[in-house]
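One chain, chain A, appears in both complexes that follow, with chain B as partner in the first and chain C in the second.
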Partner chain A sequence: MTRFRLPAWFVLLLPAIIVLAAVVLIPLLLSLYSSFTSYRLTRPDSLYNWIGTFNYEKAAKSAHFWAAFGRTLLLLTIALNLEMLLGLGLALLVNQVTYGQRALRTIMMFPMMFSPLLVGFQFKFIFNDNVGLVNNALQSLGLSNTAIPWLVDGQLAFFSILVAEMWSSTSVFAILILAGLFAVPRDPIEAAKVDGCTPWQSFRHITLPYIMPFIYIALAIRSLDVARAYDIVQIMTNGGPARRTELIWTMIGRTGYVDAKMGYANAMGYISIFLAIFFTIYFFRKLNAARAELGMGG
Partner chain B sequence: MAQVNLRNVVKRYGALQVVHGVDLNIDDNEFVVLVGPSGCGKSTTLRMIAGLEAISGGEIVIGDRVVNDLPPRHRNISMVFQNYALYPHMSVRENLGFSLKIAKKTQAEIDQAVDEAAEILSLTEYMDRKPGALSGGQRQRVAMGRAIVRHPDVFLFDEPLSNLDAKLRTQMRTEIKKLHQKVNSTIVYVTHDQVEAMTLADRIVIMRDGHIEQVGTPLEVFENPANTFVATFIGSPPMNLLAGRVSKDRIVLENGLDVPVPGQFSDKTHEGQEVILGFRADNLMPVGHAMPMGGASAELDMAVTLSEPLGTETLLFTSIAGKEVQAKMLNPRPVAPGERLSFQLDLTRCHLFDAQSQNSLR
Partner chain C sequence: MDENRHHRLRARTLKGLQLFALFIAMCFICIPGLWVVLNSFRPTVEIMAKPPVWIPQDLNLDHYRAMFGGVGEGGVPVLRYFTNSLIISVTSTVIAILVGMAGGYAFARYQFKGKAAIFIGLMLTRAVPGVALSLPLFIVMARTGLIDTHIGLILVYVSLNVPFTIWLIDGFFRQVPVELAEAAEIDGCTRWQAFWKVEFPVARAGVASAGIFAFLTSWNEYALASQLTRSTFSKTMPVGLRDFTSEFTINWGGMCALAVLMIIPALILTFLVQKHLIAGLTFGGVKG
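Right after this comes the complex of A and B.
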């Protein structure tokens, strides 16, 4: 009695394949397919209405979409750079501390313990033009006598969101860079001191190359984070007023769930995913190059 | 070119004192080796000279400057670390030229100095490799090269050869000695290997527990150890030490056996004094297999417990007064364990230490 039997490796992999297919592959294919239809959540039958690349063309021609895209890119660039510099500074300071460093490290991680939703609410309050802390403080100090419209003016709102974003995530950089600093061996630094380096020169020539891989890991993680930024903006400004703080994902969210145009939303989602993929690949390239520099294998 | 003076230098880590008032004067161009057992404070002393470790008391002078508060970069020293401490992200060429680049030398000057150092240390083939792609010996040479390109006033070496295999170590030892003759600089060299110390040093500094036990040329410390610690630390095999008591110009050992008080000590001992008799294996040899002994000697009949042939000579293990001692046999012949031989002890080369202070009675 010979019965056809699946090869053992396949049987062993089957559970994983099924789970992956159910939670990743099928939704992915379905959403990709729906981006070529006029699918609206309110009219399920529209899922079968194939309209080719219409949604993609529409997004490509939409000034709103590109404005949101550009704004996301801008936020990403500014936030990542500032967070990196601040995080580096923080990590260097904490690394100097010899007494109570553990406590400091824990405190440093506090912002990461709050949900971005709560951070959004908190900063929405802080920047509120009537009862907010910032305006209150400015007025009490006599630095301003008007209610500054922090969340209404387009540029100020962008700034407010940036501050909230940085408050909640600078510690990601700080923690990862601190881990990098712990991994820097003492010997080459001492050799550099003997070789005539000032503290700044030994940082620049020895410490920095050692922590670059850690910086790139943080950048990769955070670029994905910011590229999909949604919650803080949604809470603080809801992309408004009048789309002045619209980011890709607040726009996609609104298009998909408020306007119910899921097909179009998915098309925009796929375009923006390229942004994320681009940054991931870019930073991982950099990471590998930095590791190869240190002879850690590339 | 500079001399180095340590004046009553102290190092404390919190309440723990690890270097206790070290005084040492190192001349210009002198090759001084700090030697001592693990944990005696050699590295700490060296690192204080380098400025990598703050000093807790005393004064360090390099050239004519007190450098207590100068950072390493202002001391014009270079240092070779025990595990080389190369810059892993720089090529050999960049490693060698780094200090010159920091000193803002022109590229032409850097290239010339680097090529010269690479030539001396036969590193020319590896110039574009990263340290990770070098063998231990090659890394060691890069570390040395990095030290010599700068023409510093003082070279500091912290056990630079301890990670190398025996053959390479001997080879590099010779290289370092040659290098010293070539570059003519003051060198302070730390090791726990007394052979390295003996072969390299102009003067040896023997340390123990943060104190200097003796300073002297290799021959001085070998021939005239100041105390029993130095006697057993310097020389291989270590000096044999036997406790005894002076009685009527003889030293009575523990089991009643006695030998005459060596002539050179006769007026330095007193009746009833507790002493320690010291002699090296080279001065205890079987009759017929010994160097001709000029002066007074004592004869002892002893059974051999073990023999270690070394080629041109054989090390014999035997015991005197219940204590194991080592002797040497020239023109060796096979010796069976248990065989009794008549040994000659060269009294003129014997040492005598006070049992109480452990110091030499010379």
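Right after this comes the complex of A and C.
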């Protein structure tokens, strides 16, 4: 009877752990190792050419890398904040509607079904300087005589990418926040009204604390794949023209596959992984704190 | 009296403004998608027309015909991509659900050391950017001969979906009272029977919503698929979409038709279970 048995929870978790170890963990260890070598796809034996932290130093000294890194952070910060605010606004608007709310909710979910790649393609088409919807509309309305080079000019391209990214993700926030608004109890709001609170005060001090966990869920879910902006950018501009919309992810892809410098690409990849992990842990901690505040922790 | 009317007027303008804002927001949400759908029915001449043709003159199915015929559009084997996508997405979803159910059940029902740490660890594997993961995966798969095969991509998508599936299913199993399963066991069920006959039916909605998410992720994934597939044998639709672009020209109409083909299954599935979808996300997250 003293036969050793694995605990049940471990057996149940084992398949998940095995799959994740095989597909994520082992390759990541390999990439960690190869980031210290001069590995090039075209010369397999270079995998054993240990060069220490050279790749990391190269990235740290590269102006292109820091430009891409800064641009990635900027895009994420602007996009996540705007998505949250717009999502909140949209959820509040839809919450006011009593007739046809189901239909509105259905429409709101529309962008969630679009592959990020499709979103990129769709907005590449819409912002196309020759046949795109935006330029056609501006010209037909007489607002602009020339074709605006949306995807060619650096700043305009950044703006176009931001629009595409927001289109694809705002609805995630809106739907989750709307679910939160349904869960807000009526009584405290009624009481606040009786006590003479303005609508803003009752929103700020009653509604908002209640929906905060939902906002953090949305942020946590989004932070799990912030890098999906890669698909959008890759199809819209592929980091171009002349690196003006280069994000850290497009830079990794190009260095790894086009220039075949796998070692260097993996070093940058690791930096991007830490960036993603930072975002995820930050939002999960916020989520736990918000849950605890509402007494739903555990 | 006057004040009353003033108030009513203000309330009405406010209501009007709200409806207007909502209308604008809905337009922003719908127009990009509808624009693609519309253009899939228009001949290329009309898409490229300068000045633009605003009222469609000639709607036809040419792009679809060319797409399924495999000729004229540079011979993009769309049907092949479609079946690849379907096989890979469905298989990986089924496996991810089974693995996720086991994992989610473990998190919901058992107490063990380092539970929170293991949970966060699993979640973090999902946060690894696809393009960063694709580099070493490419090397590993090239060595093991899994590149450009269905199995390789299925394996990758299972691992991509397992963390989120565990998160959602964990939340749903927590909604099921422990007493329910205990009562069943007292009545003579084994733990296994108690799970399938009592707990699983109650949490079925959660499993369904996790399944939809897993399917959509696999169906829409691009960053990994674009590197791990090489030929028509395993290319999925998102990768196939690139076949319509050549160095200097883009076949917008053909691309739009393929885009519509990609969206339809996702649309149908999502609408079928949209109620569970929202419930799944919120239960899993807030109360979990």
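Just so we're on the same page, the second predicted complex is superposed on the first by the 270 of 298 C-alpha atoms of A that agree within 3 Å, B and C clash if a C-alpha of one lies under 4 Å from a C-alpha of the other, contacts with A are read in each partner's own complex, and residues count from 1 in each chain.
The rule we apply is simple: a residue touches a chain if its C-beta (ideal position, glycine included) is under 8 Å from a C-beta of that chain, and two chains touch if they have at least 3 such contacts.
Just so it is clear, the structure is predicted and the values come from calculations on it, not from any experiment.
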Original post:
Quick one: chain B and chain C on chain A, clash or fit?
Top reply: fit
**OP:** Kindly classify A:Phe284 by the partners it touches after superposition: chain B alone (first), chain C alone (second), both, or neither?
**Re:** second
**OP:** Kindly classify A:Leu12 by the partners it touches after superposition: chain B alone (first), chain C alone (second), both, or neither?
**Re:** second
Original post:
Regarding the shared-chain residue A:Ile107, is it in contact with chain B (first), chain C (second), both, or neither?
Top reply: second
Original post:
Between chain B (first) and chain C (second), which does A:Asn238 come into contact with in this model arrangement: first, second, both, or neither?
Top reply: neither
**OP:** Applying the touch criterion given at the start, work out whether A:Asn95 contacts chain B, chain C, both or neither, answering first, second, both or neither.
**Re:** neither
**OP:** Have a look at where A:Ser62 lands relative to chain B and chain C in the superposition and call it first, second, both or neither.
**Re:** neither
Original post:
Angle at chain A, chain B to chain C, CA centres, as a multiple of 10°?
Top reply: 80
Original post:
What's your read, chain B or chain C touching more residues of chain A?
Top reply: C
Original post:
With the two structures laid over each other on chain A, which partner does A:Phe214 touch: chain B (first), chain C (second), both, or neither?
Top reply: second
Subject >> After fitting on chain A: smallest Cα gap, chain B-chain C, Å >> reply: 9
Subject >> Interfacial residue positions of chain A with respect to chain C in the complex >> reply: 7-10, 12-13, 15-16, 19-20, 22-28, 30-31, 34, 89-90, 93-94, 96-97, 104-118, 121-123, 125-126, 130-131, 133, 136, 139-140, 167, 171, 175-176, 179-180, 183, 213-214, 217, 220-221, 223-228, 230-231, 234-235, 249-250, 252-253, 256-257, 262, 265-266, 269-270, 272-273, 276-277, 279-281, 284, 287, 291, 296
**OP:** Please give the residue numbers of chain C that touch chain A in the complex, ascending.
**Re:** 18, 21-22, 25-26, 28-33, 35-36, 39, 47-48, 50-52, 54, 98-100, 102-103, 105-106, 109-110, 112, 118, 120, 122-140, 155-156, 158-159, 162-164, 166, 216, 219-223, 227, 238, 241-242, 252, 255-256, 259, 262-263, 266-267, 270-271, 274, 277-279, 281-282, 285-287
Original post:
Of all residues in chain B, which touch chain A in the complex?
Top reply: 50-52, 71-73, 77-79, 81, 83-89, 98-99, 102-103, 130-133, 146, 150
Subject >> Sites on chain A touched by chain B in the complex >> reply: 185, 187-188, 190-198, 201, 205-206, 209-210, 293-295
